[in-house]
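What follows is a set of structures for review.
Across the two complexes that follow, subunit A remains constant while its partner is subunit B and subsequently subunit C.
Up next, the complex of A and B:
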């Protein structure tokens, strides 16, 4: 049986250094501005969490493999080649303290895409066997069982029955030729089946055909979080295969941040081809319905003072910023913006796989302090978001900081305000 | 010797009102970036100071600097200030000639020993002392003699400051700048071909007021005038930013007043205040007249490539070396790039698929 080795990790790092990464390292002016953009630095004041520092091993490989000076340094004994212990030490920086939120990439004055580099550095870490146990577990379950949380179709089937009983609506399964293929995230299946009910209600309201696939219902992609493109590709291809088999026009990514990034942005690159269908986030689809005048609201507005938490992968890295605001205006009277909202939002602290890393729990609870303060400043009575992972992390954060604030998914909230037909 | 009249007395005797005098003080203060709080001090100092003795020596020059400083837009306050200094010796301007003239210089040097200001225009020939002499003395000898008792030396014009036109390759007269010969006195360079009139009067006013020379840059030029380049203050700068350039002197771009960079304007590397103070009583300056800056206030401007060659074009001489270096560098880059590409593609070829079984170590 094959296994992870340092040599494989080193090889993966070497393989993943591309023109962009070489240009980024060469352009880096060591200004340290990325530190102030990183939640893990601002909340701990510990310089070891500076984003560019998290890339030190990758930089070392680039320097020593691809630059003349770096090779000379090793040759003259002025620099030491990368060691396994370094990778082990950097596990905390590359996984535990990075949610792939991409805020650092936004502030870099020379335009270095730091989050892209972390994502690539994870490839080496995973191949070297330095990925966190929690992520290895999730990835193994995703491949073997079909969902990172170990859910089989049976679990979803049970939830579907519950939803059908509660709402009286039918959930279409494996309908060839439906317009939309709706995916779910494991967290929604277990924790927030309301999402499924909301989608069913909205689809009936707008009169669109949709379906769920028994072969690909899980939208999340642990392969991307752990940094194993081969595995990520396998997970994406399940969705692509199912979507193309069912001949759907659009695949709807659920209220989950990284699932959207995985299918929409990384997906075609992993597969090496265009898809025969479109990929949209549920909020994009809902906003299109709104734009076409298909969403008839009941005229009862939310009056509670509420704000919207932008999930990083949906807003900053996905560009879905206007859509949730358009939808909120439709149903809420007292909507206020958080500081740094939109593309410069602050991460909940649990994205990019961090929520699956047990040993990172303490750290991410600590950095949740930022979101806590933001919300306390606003004095809101309700928090809306569009990512099940953010939702769980925020709920856990509230618990840790003994805060009470109802939190709801936007799709669910929209569904609540539609007129019954 | 009779008591020298103060500047204030002298000005009043010429009918200059107090108001005009204060206006000059304010202008001078703002030009030299002196705090407004110091204007009264400036006025008081100018008012009560005995007229500063100035000895003006002209060497290898064209008299353009003198023209600029004394005649170009006289009468104005700059020239008035000239009336208020005691210009004890100046070839071009003095009435005396022959031995009487040289006597005036000797007397002034004696009476104000260690206190007078020496102003020099023109460069000094070292190849053969006979190239330029005054009353039988070589320029070098006269400069060293007069500089000895001077408080400070002001080198006016690019010739005196950096050697200027006479020093242009192949420098037949072996011309050197004042600062090449005088090393033990404070020197201010006021370069330009010619320099802006108000710069010299401001430097003198500063010296009279505070007893010290103004703050200088690395080339000993007053920072307040030479601190910024023409380009940064040029009214055509917005066109540069947009990439709108005149390509020839009669194309549409030239007519529209676009940036003259491609026509050889040296504004980006020339530190001077022309774009701010302009010339001929602030009427215009070369760029406004449609011609690029020649860079006349910079050392060796005459040999800094063609006036109509854009700055980015390499100068002759170094061009070959630079192009070889470029070709060599590019070749090295290509080879390095190919090697890296090979390494990377090897790394890709040796890619081992990572499956879930490969995530843990055995």
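Up next, the complex of A and C:
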């Protein structure tokens, strides 16, 4: 990536405007409904967090570059061109107070996909040098070391040894011709190695071949969160190369929301070509096993009243909505839904890279109030989710609000209920 | 120029001018938009998105989910009343149908004038409450700019002058009718260059959002 300058940022904003963005800006009637859908507004009551307002710089570029009237306004001195200071000011809106959750895109009466635009606006912000330091750090580590948290293969290798010792199972590494390539998120490697143990147990249970790659084990993609397509492409290409080298049929995205979006949905577009392999979220794979009758559960059901938190990029922006519910019904007797769930779920407050932005910590803790209220209304005894980042954010939120509720990853929960073979 | 001459002018040259600007303006704005192109989709999609796109164009006419309705009920209810009233009084008022028949060559049954009258009153009332809400509600006060108030005014005037002309209130009928037609012509001239163009662009907005989501397997 070349040095960040305002000119590069402006160019990136310009290049990312397409038909849909032009239609969105022309269609917005300032009804304010997107504010009511955004937890950064609902939990602060501050109008500056209204999603469409977060797009003011992008709107300016569209109007002044791609409309006759906009050009005329600048020419006549009736409108001011975009300035670097405006982009600097908008960092708070485009990064700190947007988790790319996409709830606003669900409610807009004219149909605007606002989060699509925020994602594009981040391209301009990063190129102009206005990305948050936390995300720049994560992205730099991802490119230079291979993981946003600075983890090298050695770290995963250590965890693999622990998992192998604990489970007595062998974790296959660089197995050419395996059916599945299993990816991990850095958060799982550090905080939730039980995910890997669960995958190993499930794969043995269903009798499928799988492997971890020493060259591409990290699924997360800071390039997408920060809005740097060139970096995002480099990170995706590592996975693509490894998957093709190992000749796997399917790459499994881990319990991480944006990793799924990055490799499943944005990945092929970043690479500019179709993939020779399939990309599936672990929950999709598990639900397929269930559907094929391969998951033999022990018949002991979870009896605790529990609910499922839909990670935004997996459900609303990823299309994996029914699968976790099918799996939960298989193992839990007392599964209840939050009032807004599935594609209308509320974000944990830390998605879209917000969890990596230090200066956003206070704000995201404040907006976690939404999730806290959702859970308290439901009076559940356990929370299940499928994203390591959501899990950490929710745990931090519970700590901040002095709330106690056990959280578990769904893959791990499924693994716990399988009969030993 | 007397009232009759004014009425003839708004019905003749002014109407032709407004129609020309509307058509040329819309053509320009759509060309500006279409030339931007759309990125290609390489991800293996769950559906081609066509049905999903069409579904979203239609489904966002329907009231949203209860959770969304609860939070935004006022704007939704008042928005519905205004839009429905505007279109019913525009398309189903007998004199308008006669005019549209002369222009388009097709006609359809209208609603009785007293019904149109009530609908117009409801629509006007909804518009006034929407304006008050725009001042009162912090998010809308914060977001609103000149164009929002201009758009409101330009949408309000045809309904308002139409109501006054129908009831022969305030100004002599020929003058009020001429002002009513003129207000529509101003709306036609300004529409392509303001957010009033959402009358047409919402289809592309809903379509692209719905199609992209449907490709991922989500109905938005």
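Keep in mind that, in the parts below, the second predicted complex is superposed on the first by the 419 of 421 C-alpha atoms of A that agree within 3 Å, B and C clash if a C-alpha of one lies under 4 Å from a C-alpha of the other, contacts with A are read in each partner's own complex, and residues count from 1 in each chain.
Please note the rule applied: a residue touches a chain if its C-beta (ideal position, glycine included) is under 8 Å from a C-beta of that chain, and two chains touch if they have at least 3 such contacts.
All figures in this text were calculated on a predicted structure; none of them were measured in a lab.
J.: Clash or fit: subunit B against subunit C, after overlaying the two structures on subunit A?
T.: After superposition on subunit A, subunit B vs subunit C: clash.
J.: A:15 in the overlay: touching subunit B, subunit C, both, or neither? Say first, second, both or neither.
T.: So A:15 only meets subunit B here.
J.: Is A:66 touching anything from subunit B or subunit C once the two structures are fitted on A? First, second, both or neither.
T.: both
J.: Please work out whether A:140 is in contact with subunit B alone, subunit C alone, both, or neither, and reply first, second, both or neither.
T.: The first partner, subunit B, only.
J.: Which partner does A:264 contact after superposing on A: first (subunit B), second (subunit C), both, neither?
T.: Touch partner of A:264: subunit C, not subunit B.
J.: Is A:4 touching anything from subunit B or subunit C once the two structures are fitted on A? First, second, both or neither.
T.: first
J.: Subunit A residues in contact: does subunit B have more, or subunit C?
T.: Between subunit B and subunit C, the winner on subunit A residue contacts is C.
J.: Could you look at A:226 and tell me whether it touches subunit B, subunit C, both or neither (first, second, both, neither)?
T.: A:226: touches subunit B, not subunit C.
J.: Let me test your reading of the model: by the given contact rule, A:50 touches which partner, first (subunit B), second (subunit C), both or neither?
T.: Second partner only, subunit C.
J.: Quick one: is A:41 in contact with subunit B, with subunit C, with both, or with neither? Answer first, second, both or neither.
T.: Touch status of A:41: second partner only.
J.: Residue overlap on subunit A between the subunit B contact set and the subunit C contact set?
T.: In subunit A, positions 17-18, 22, 66, 68 sit in both the subunit B and subunit C interfaces.
J.: Over in the complex, which subunit C residues touch subunit A? Could you list them?
T.: Checking each residue of subunit C against subunit A gives 28-29, 32-34, 36-44, 46, 56-57, 60, 64-65, 67-68, 71-72, 75-76, 79, 137-145, 148, 151, 193, 195, 197-198, 201-202, 204-210, 212-213, 216-220.
J.: Across the complex, what residues on subunit B touch subunit A?
T.: It is residues 336, 340, 343-344, 347-348, 350-362 of subunit B that touch subunit A.
J.: Quick check: in the complex, which residue numbers of subunit A touch subunit C?
T.: My answer: residues 17-24, 26-33, 35-37, 41-42, 45, 47-48, 50, 52-53, 66-69, 105-113, 116, 264-269, 271-275, 278-279, 315-321, 339-340, 343-344.
J.: Name, in rising order, each residue of subunit A that touches subunit B in their complex.
T.: 1-5, 8, 11-12, 14-15, 17-18, 22, 65-66, 68, 126-127, 129, 131, 136, 139-140, 143-144, 226, 228-231
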